[in-house]
Amino acid sequence: MAEVALRNIQKSFGGAKVIHGVDLEIRDGEFVVFVGPSGCGKSTLLRLIAGLEDITEGDLFIDGERVNDWAPAKRRIAMVFQSYALYPHMSVYDNMAFGLELAKASRSEIDARVREAARLLQIDDLLDRKPRQLSGGQRQRVAIGRAIVRDPKVFLFDEPLSNLDAALRVQTRIEIAKLHADTRATMIYVTHDQVEAMTLADRIVVLNKGRIEQVGTPLELYHRPANLFVAGFIGSPQMNFVPVEAVSAGSDHIEVRLPGGQTLPVPVHPEGTRTGEALTLGIRPDHLQVREDGPFRGRIELVEQLGENHLLYVAADGLRLTARETGDSRHRAGDVVSLAATGESCHLFRGSGEALPLTVPRGDRTTPPQSRTA
Amino acid sequence: MTDVTAPGLAGAATRPRGRASSLTRTRVRSAWAFIAPALVVLVLVAGWPLARTIWFSFTDADLNNLSDYTFIGFENYLANYDGEWLGLLTDPDWWRSVWNTLWFTLVSVSIETVLGIVVALILNAHFPGRGIMRAVILIPWAIPTVVSAKMWNWMLHDQFGVINDMLLRLGIIAAPITWTANPDTALWTVVMVDVWKTTPFMALLILAALQMLPQDIYEAAKVDGVHPMRVFFRVTLPLIKPALLVAVIFRALDALRVFDLIYVLTANSKDTMSMSVFARQQLVEFQEVGLGSAASTLIFLIIALLVAATLVAGRVRLGEETR
Amino acid sequence: MKVLTRIGFWLLVAAIALFSLFPFYYAVISSFRSGADLFTVAYVPESFDLSNYFAVFQRQPFGRNILNSIIVAGAVVAVSLALGITAAYAFGRIAFRGRSLLLMTILGVSMFPQVAVLSGMFELIRSLGLYNTLPGLILANLMLTLPFTTWVLTTFMREMPKEIEEAAFVDGATPWIVVRRVFLPLMAPAAVTTGLLAFIVSWNEFLFALTFTLTNERRTVPPAIALMTGSTAYELPWGTIMAASVIVTLPIIALVLVFQRKIVAGLTAGAVKG
């Protein structure tokens, strides 16, 4: 159990800089998920923490000690790889025992720890098998078991579920959550799947192009995205973005003009927004409703029926908007509809991409995010 | 060098500004420990002897007493005594062997390439017994060169040989031919035995390239009704060209240093003598280490130039793969 | 037309098979004939006379020659693989300064003409006191096998998954343990292939064996066969030579047939991919 601290961590490959100064404090026992699009540097960051890559600049602390120059094994971390990385020529037992054996643990201690981990993961009857005789899910358990027996300070997971099929992924996800609840170990988990991030994390770190975009609890990120990138990345389907213009600014709201000409008051702190400034209005699909007098009028291009809800793709005022409503849709492609949203459910972003702070707290009255990819 | 650093375990080649982590440092240090034994052996059995050979080529060393020699400069290559030019570069036998080697390389590799393509195309077709055929063509390749040369010597025997017997019975020739002794047929005979022995190697390399080709383009061509010959010249050949080129270069380098086959098949006959046979004859039989080494050095230079040209041409590709 | 194509195809297959097999077939029949029989041509086996096979071992130390070849080839394979695998790990998986240049040099050495080192090697072997000994031949043959085993094993090593190595480092392994405990077992099939190719190269090697040995007892099989003489200088003992040829070729053919796929994989790894 340990806290992990990253201070201005930078990483270059040759001339190309891939991590641009990351600062992050991970608390003891916390489950932190690194998420971001591919190439954002999340795996590199994990590998820097593991010691599999050199840190070009900055300091990495595990349990208060600067470990930049420490070999992976000395850092007392354990890593679960995307491809499981089991030793193909060793039995399940030997796979789990290898690290302890190298650490010169006694036979009896190795045996006790391997069997305990196997029991915990319900793979006790597989101990004599070779990895090729196991299913994907079983291999993943062995990989996790190999991490557990080492009794690490920090568990590192590198997209551990991406090679599993959908059903198994959900099941294993739940088991990892349980493992964290049971062990209360510090865990760092890399994924590109926001559902995994939302369901597993105590805190999510959103990365983009080697920089941290935002750090926060899953609901913080969903309800109070710090910028356009996070707003667009978290939540599925993606948030709608509408170019608007500031008409007037009050002390606790900004009035904006929509592309159709109507105005909408949005409860955010203006923070010096000038009249006439171009802003981006963000509306989650769940907050767009079909309404007779809605300001966004357009033709439905496509209706996706998902059972518990449905998605409408509407072309309005040169924009393509997505709306989600519960139940079955009364509409069909080709219908002309109007969509409306309340100012209280909207987000406003400045030209730099930064979000204007909300004046009304969010999160208590909106529904948690749903996703089709679950 | 086009040394692309692997994105995974980056090495000291890129020399990050921060100090290398313990893992990278240990790995790079161990890299040198791991290659050191192989390097030491290679320097001992390749680098050092090569350097000594080149050195000997500037001396008048004799095989019986290798420690007693004097430096004579380029005299083994070219020297002028009283207006008369002497040395290797004026030796008609040397030039004969160079010519023989080049002719042998060009003709045998050409024939092997064409036949290799034919055999590979056949083995690439689906027919019963394909696996057996693939094993069958490996047999000539696996037979030691000395043994195959002896087998052919016997088959080509002027009086009791089966080849003459066959050709006489078929009425193709009127009198037995002394295949390996007749200057008109000797080098062709060597080429034929080499073709027999090394076409399988070519065929297997080409077959490997053929099997990597995507099948759908052939199905598309079939659907479009393109004539198979046209498909071969317009689709197959361009696609296997890189692999074919590598195979041809490997074979050519092999052919340029040919020794066993010619030595056993035709002994030290001048009609077929290759550069390697010439050099060994000077060195061992005539005990002229200086002259033999000069010939060896020239052979090395010729082949080294070709290798260098090949490597430069193929460097980008190799560099990419050195990840 | 279609039938004609099929007939043509099978004729071609038959021709290739005949051309490939006939010399060995003819050597086998000839080896079972002796004396005056040999001076008539036979296309089908008509006698089964083993006297040539006895003669090979009686007239000269052919058993000893075979043993020499096995010792030399075996030692060459063992040394080449041991040095090749460790070097291949460094070349295939560690990015260090000068790696590409070294690898190119090694590839270059594998294309060396043997004769280019002949006089230097002769001097080396003499000065080490290894002239006319098996260790001398082993040392010389390493020049032929070590570069290409290193090269082929490096291409195999590159294909090993990176994450397995990393998992081992996380488990606390040193590079040496990674090679010995993780890659050595995983590389076993590749090592078999490469070792087989090295064995064949050494088994067939002629120039060094001819030049660096003096007495019949120290010769390996190729020079022994090449230098076989009969009772007179003009009359070569063809029956005996054919018997010897069959004896040394059979095990190689057996190896090739058994490991056919592996050999093809090794050849293409060394050539096409290189």
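By letter and in written order, the chains are A, B and C; residue numbering begins at 1 in each of them.
One rule holds for everything that comes next: contacts are C-beta pairs under 8 Å (C-beta built on N, C-alpha and C of every residue); 3 or more make two chains touch, one makes a residue touch a chain.
In this text the structure is predicted, and so the values were computed from the model without any measurement.
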item: Overall pattern in which the protein chains touch one another (line/ring/star/complete/other); value: complete
item: Centroid-based (C-alpha) most distant chain relative to chain B; value: A
item: Averaged-CA centre spacing for the pair chain C and chain B, given as whole angstrom; value: 15
item: Where chain A and chain B are represented by their mean Cα positions, the distance between them in whole Å; value: 58
item: Set of chain B residues in contact with two or more other chains; value: 5, 8-10, 14, 23, 26
item: Residue numbers of chain A (touch at least two other chains); value: 51-52, 71-72
item: Multi-partner residues of chain C (at least 2 other chains); value: 166, 169
item: Contact set on chain B toward chain C in their complex; value: 1-3, 5-6, 8-14, 23, 26-28, 30-32, 34-35, 37-39, 41-42, 44-46, 48-53, 55-56, 61, 63, 66, 118-119, 122, 125, 127, 129, 133-152, 154-155, 157, 159-162, 165, 196, 200-201, 204-205, 208-209, 243, 246-247, 250, 253, 256-257, 259-260, 263-264, 275-276, 279-280, 283-284, 289, 292-293, 296-297, 299-300, 303-304, 307-308, 311, 318-319, 321-323
item: Touching residues on chain B, where the partner in the complex is chain A; value: 5, 7-10, 14, 16-24, 26
item: Footprint of chain B on chain A - complex, ascending; value: 12-14, 51-58, 68-72, 74
item: Chain B partner contacts - residues on chain C that touch it in the complex; value: 9, 12-13, 16-17, 19-21, 23-24, 26-27, 30, 38-41, 43, 79, 83-84, 86-87, 89-91, 93-97, 99-104, 106-109, 111-124, 126, 139-140, 142-143, 146-147, 150, 155, 158, 162, 165-166, 169, 174-176, 179, 200, 203-204, 206-207, 211, 221-223, 225-226, 238, 241-242, 245, 248-249, 252-253, 255-257, 260, 263-264, 267-268, 271-274
item: Complex contact set, residues of chain A against chain C; value: 50-52, 71-73, 77-79, 81-83, 85-89, 98-99, 102-103, 146, 150
